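What follows is a set of structures for review.
The two complexes that follow have chain A in common; it is paired with chain B in the first and with chain C in the second.
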Partner chain A sequence: MKLSKQTINDVLVIVIENKEANLSKSEQFKEMMFKDIEDGSHNLVISFENVEYLDSSFLGALVAVLKKLLPLKGKLVLTHLNEDIRNLFELTRLDKIFSIESNIEISLQQF
Partner chain B sequence: MNKTVLLVDDDLFQLKLYEKLLTNHGYHCRIALSVDEAESILKEYDIPDLIISDYEMPDRNGFEFRKKLLKNDLLKNVPFLFLTSVNDEHFIQQGLDLKAIDYMAKDVPPTRILSKINNLMLAVREHYERSLSEVKGIAERLNLRNIPKTAPALKNFSINYYNKSYQEQPGGDFIDFIKIDDRHTFVILGDVMGKKWGAWFFSFSFLSYVRSAIRLCVFDGDYELPTILHKLNRVVYADEFLSDIFSTLSIILIDDENCSISYAGAGDLPLLKYEKNRDDLISYQSDGILLGFSEEAVYNEIAVDIQEEEELFLITDGIIDFEINGVKKSDMKLLSHKIHDLKERKELTETIVDNLFNKHTSQIDDCSIIIIKRKNNEAK
Partner chain C sequence: MKQSTPIKIGLKIPENPDDIQEYTKEVIHTLSRHVTLTEDNRRRIKLILIELVTNSIKHSEDPDAEIRLTINHPQLTIEKVDVGLQIKFRSDEQIPFEEINKTIKVDFTRFNSLNIKILNPYRFRFLDGYKENMDIEHLPEHFGFYIITRASDNFEYHHDPRSKENTFIVNVKL
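Moving on to the complex of A and B:
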């Protein structure tokens, strides 16, 4: 799992560098995110600008990250979802539970 | 499916030689000119089926690479071979001590190297199949199944269902039919988010909760699907064991006396319906979010009007995931058009299913579909 991380105004911005966010990466991704949250990063933006395909294992990992943040009053914004991924979020009502924005700049304004 | 081999060598000529040899014999290769490059490939792509590495390379050598892999839980069990011209006995022993399956000399004829690789992959496959069959046997004996053996026979409806596992491993899709009496039958389709064994294991927890929630509500004379889903969601949410495991659920209640159908869902894909003389399938989208995410989730019930010869299609996401020319995508509309075209061509259910289960595209997850058809009067 290749992630680039950068902190902007107390928000941890994570860019997934892989083209496919799938089963082989989901567990590792979840652990990496849980560690960041435990280390105090409660405001997160995750960018999917490089991701072409995302499977249900990875969706499950994202939901787990969001669920972990909620009791901590944290926030997670997803950005740069391609049309297919965006459709998948809408079809499964995940768009109701995640904040989804078109780019990192707008995402940062949500905090 | 082609096995993937990661080849690591600082000599580009050697890399290309072995890449050609393996590619010509059905393997898919990734090549790295250094340990650094190999590590980037391992981070970026799926885990390979085999790693073949040279010993002597600038910066870090093959032993250092192997030692690092052994510390990585995800990679330590990937079969590893040394292929090198450093063939001093002392090095061979050191390489084998690092749990490398073999230490091969580069002066061995390429055909022999290929035979060794083929034999190794065959042995890995056989070992895996033996273990899989043992686990499947145990599951069978314990009557652990997340896909039932048969669907109930109903007066006014026929139910067909299909499930295809991913890479021959059980997955997180689960199906169940609960026939309460001659009038009421529940149809369940769920998908634990994940794949293979992990998801398969958790599917039984969800399945047990679904069965209990339905039975407990029915004991109280309550057939309201939102009530069942609400209770089910609360218990899943409260279960710490499932705190970061989520499942979708589609639930249908068939009333075989009144020929009516109601539907509710949690994070599931829309229910599709085929009606004659329409340009596309009708899609019913439930309101509910994934089971276990929020304690106070709200669920709605949709009454689905179904006339004779009309059909409903319940699906899990594996069936809308496709891999075409190496590009993976999820496409619900494509599936909907496909089913509609097949129905318009009056294809039999078996033919429809054959077509849906990706003959020409690679399947990338376990897939399930339940087809509920209202019988016509003559067929009853």
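Moving on to the complex of A and C:
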């Protein structure tokens, strides 16, 4: 799982570098996110600008991250979802649960 | 010219999750040679294939697990077939079911409950049991079967106790 990270105004911006957000990467992704949260990052933006497809395992990992942030009153914004991934969120109605924005700049305004 | 008789295609499932995307493209390309797919159908079929194959890689121990496509216009049937143990729930009711035509809630894992309708002792249909305003704390963390249910027109599971064959049957209206 390849992630690039930078902190902007106390928000940890994570860019997923892999093309596939899938079964082979979801568990590692979850562990990496949990570590960042435990290290004190409670405001997160995750960019899918490089991701071509995402499966149910990765959706589950994202839900787990959201649940982890809940008691910490943290916030998670997802950004740069392509049409297929956006469609998946709408199909599963998770677009009503997750904050989704079109780009990182707009995402940062949510904090 | 598109054929009018049912067309059956069988394709072996990849073992590596990173091969799923290419596999899905190949299946859709194969389908497109026999039937015209709208963009909406293409998207739905892709989602269904991704989740069926992911499920197989995660849970099936059958190296000969297969995706079978049957095109019988206007319906496409996608089946994932493997040989092995039947599906098991964490809840009390298990296959073979005793009461038919009943709708029950079953737990696949801790954060994965779904409603199903029992069709016969060895067959059930997945139902869309979406709850409005579910709080984040109680959200499921497994979405594979739910995605297939939402993307298809009909999604069922069947176990054959004699052959030990497990079949997930997904119907999509073309």
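Rule of thumb we're sticking to: the second predicted complex is superposed on the first by the 111 of 111 C-alpha atoms of A that agree within 3 Å, B and C clash if a C-alpha of one lies under 4 Å from a C-alpha of the other, contacts with A are read in each partner's own complex, and residues count from 1 in each chain.
The rule we apply is simple: contacts are C-beta pairs under 8 Å (C-beta built on N, C-alpha and C of every residue); 3 or more make two chains touch, one makes a residue touch a chain.
No experiment lies behind these values; they were computed from the predicted model shown.
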item	value
Combined model on chain A: chain C and chain B, fit or clash	clash
Partner chain in contact with A:Gly60 - chain B first, chain C second, else both or neither	both
Partner, of chain C and chain B, that touches more residues belonging to chain A	B
Partner chain in contact with A:Phe111 - chain B first, chain C second, else both or neither	neither
Which of chain B and chain C A:Met1 touches, first, second, both or neither	first
Which superposed partner A:Leu91 touches (first chain B, second chain C, both, neither)	both
Superposition clash, chain B versus chain C, among 7-15, 97-105 or 295-303	295-303
Common interface residues of chain A - those touching chain B in one complex and chain C in the other	20, 22-24, 52-53, 55-57, 59-60, 63-64, 66-67, 84, 87-88, 91-93, 97
Touching residues (chain side chain A, partner chain C) in the complex	19-20, 22-24, 52-53, 55-57, 59-61, 63-64, 66-67, 70, 84, 87-88, 91-93, 97
Contact set on chain A toward chain B in their complex	1-2, 17-18, 20, 22-24, 26, 28, 30, 52-53, 55-57, 59-60, 63-64, 66-68, 84-85, 87-88, 91-94, 96-97
Chain B residues within the chain A interface of the complex	40, 43-44, 46-47, 74, 191, 193-196, 199, 243-246, 248, 267-270, 285-290, 293-294, 317-318, 321, 327-332, 364-365
Footprint of chain A on chain C - complex, ascending	16-18, 20-21, 43, 46-47, 50-51, 54, 57-58, 111, 130, 136-137, 139-144, 146-147, 150-151
